[in-house]
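The next part holds the structures, each set out as structure tokens.
What follows is a pair of complexes built around subunit A, which joins subunit B in one and subunit C in the other.
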Partner chain A sequence: MSMFRSKKMDIGSFLNIHVIRDHTKRKVYAQFEPERQALRHIIRNTTLPARTRAEAQLQLTQMHCYTRPTQIRGRCLMGGKGRGIFRDFKLSRYNFRMQALEGNLPGVRKASW
Partner chain B sequence: MAVPRARLLSLMKAQCEIFSTTYNPDGIRMGNKILRQRLRGPSLAKYYPPKGPSLNELLKDFKHLELEGVNEEFEDWQEHIAGFVSTRATMGF
Partner chain C sequence: MATTISRSSILQPLRQTLTRPVARQPRSAFIASASRSKASIAKPNQTTPASVPSDEALTVPFPMRHEVHPEEPAIRLPRSVQSLYLQPLRREANYGVPTCDLQLRSYSVPNLEFFCDFALRAAYYLNLPAFGPVPLPKIKERWTVPKSHFIFKKSQENFERITRRRLIQIRDGHAESVQIWLAFLQKHAYYGIGMKANVWEYSKLGVGKEMEGQGQAMQEVIEDKMKLLGRDKTEGTVQKVQELLESERFRIQG
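This part shows the complex of A and B:
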């Protein structure tokens, strides 16, 4: 959501709205992670009264969707694509192939046997 | 040789004190595994590379060393705007 978005762009990779959105979600998740973990701890602690735990459950589900880790998705640094990303290189499969063939990825070479 | 349960429990308690873990002989779910998890947020937030300085900022930073350069893209843009404004003026807007 735009209320979480930083006023000045602070990333230097390929930019489109999906990348900006994902970056915002990552920052919001980092900000709210302690709160989420505290609520998760309360929910899973069976020694606490049932009412407290139920309230914590409600509170966790009512947090903004940008604070959820499941909203975060690996995106390509060169093309912003959201599918077919190599996690180790943060590149989509096409960009990975192009960079690897150009020799920009250390230690990567085309298989041949 | 069977070891009495009380003795094992006291050993477990001592272990927990030494390694500062929670003494929980009955295996009650206390949610401590959540507290043991590390925070993933900072590493997730660093996924995209930070923005580097722009050419204009670099030129400004190195001016005191008497290093000068031309930001061609910026000047082309300025010329384009100047041309646009002058054509508008001749058309009488």
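This part shows the complex of A and C:
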């Protein structure tokens, strides 16, 4: 959502709207993590009164979807693609191949066995 | 000192390093070349065979061949310099109690072999009995990617990354000199090589109390280091719980 988006560009990778959106989600999640964890703790704490726990449940469900960790998705650093990403390199399969053939990835070489 | 050493005695090892192939041979071959150099250093007064043309016949301005002037005294190189051409020296371990396991990792073998050699020499001069390098199993990671679009899935390409590992173990090392050794290796870290060390120490009873006393002072140092490491942060959760429970919305319930 645009209200969370930073006014100035603060990433240096390949840019498109998906990349910016994902970056924003990561920042928002980091910012609201203590609150989420606190609410989760209250919900699971059986020593607290039931009403308090129900209230915490409500609050947690009412939080913005950008604060959820499940919204975060790995995206390609060089192409912004959202599928077929290698976690080791944060690159999509095509960009990984290009970089590996150029020798930009330390230690990665063509295999034959 | 520099004037008394004959030119030939300096040139000879130099020439060997020049003629040595750039790519490292397998370890057994390297040992053989090292032992050969030892033999040739040991007798610098070797005369040239008669079949070889004299120096005047060659047009090379700087004769690379071994030459001996009878008036020059044959003085060997300093032992420390000579030893660079030989296998690293090692200290004897009396008790064999392991004190430090250093694991070195790299994608390239020559760098790794070189740095292992360096680490062993450093251990010798710090009076640490070092064992190794033990070649640990390689870590092979492989990736298979389609060469182009998905409809051509039949033609794929394989990539791999092989991490080579070496283990150097220090036995009977004094805790302080082990620390110095590790710091020295870290200071002269070689490119493309990762290091990790497990260190064991023996101390008197009541270590817990002693450490507790130091804890306050160590906290700052640890915090500085931990700042640089990624870890699961749930900082502020406890305060947040308290804040939420005291907030207006929760208090109306109670």
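Throughout what follows, the second predicted complex is superposed on the first by the 113 of 113 C-alpha atoms of A that agree within 3 Å, B and C clash if a C-alpha of one lies under 4 Å from a C-alpha of the other, contacts with A are read in each partner's own complex, and residues count from 1 in each chain.
One rule holds for everything that comes next: contacts are C-beta pairs under 8 Å (C-beta built on N, C-alpha and C of every residue); 3 or more make two chains touch, one makes a residue touch a chain.
Just so you know, these numbers come straight off a predicted model, no measurement behind them.
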{"item": "Touched partner set for A:R83, first subunit B, second subunit C, both or neither", "value": "neither"}
{"item": "Which superposed partner A:R93 touches (first subunit B, second subunit C, both, neither)", "value": "second"}
{"item": "Touching partner for A:A111 - first (subunit B), second (subunit C), both, neither", "value": "second"}
{"item": "Partner chain in contact with A:D10 - subunit B first, subunit C second, else both or neither", "value": "first"}
{"item": "Touching partner for A:E55 - first (subunit B), second (subunit C), both, neither", "value": "second"}
{"item": "Partner chain(s) touched by A:E33 [first = subunit B, second = subunit C, both, neither]", "value": "both"}
{"item": "Partner chain(s) touched by A:T47 [first = subunit B, second = subunit C, both, neither]", "value": "first"}
{"item": "Where subunit A meets both subunit C and subunit B, residue numbers", "value": "33-34, 37, 41-42"}
{"item": "Residues of subunit C defined as touching subunit A within the complex", "value": "107-108, 141-143, 145-147, 157-163, 192, 233-237, 239-241, 243-245, 249-250, 253-254"}
{"item": "Contacting residues of subunit A [partner subunit C, same complex]", "value": "33-35, 37-39, 41-42, 48-49, 51-52, 55-56, 59, 86, 88, 93-94, 96-97, 100, 105-112"}
{"item": "For the subunit B and subunit A complex, residues of the former touching the latter", "value": "28-35, 37, 39-42, 44-45, 47-52"}
{"item": "Subunit A residues within the subunit B interface of the complex", "value": "9-13, 19, 22-23, 26-27, 29-31, 33-34, 37, 40-47, 69, 72, 74, 77, 90"}
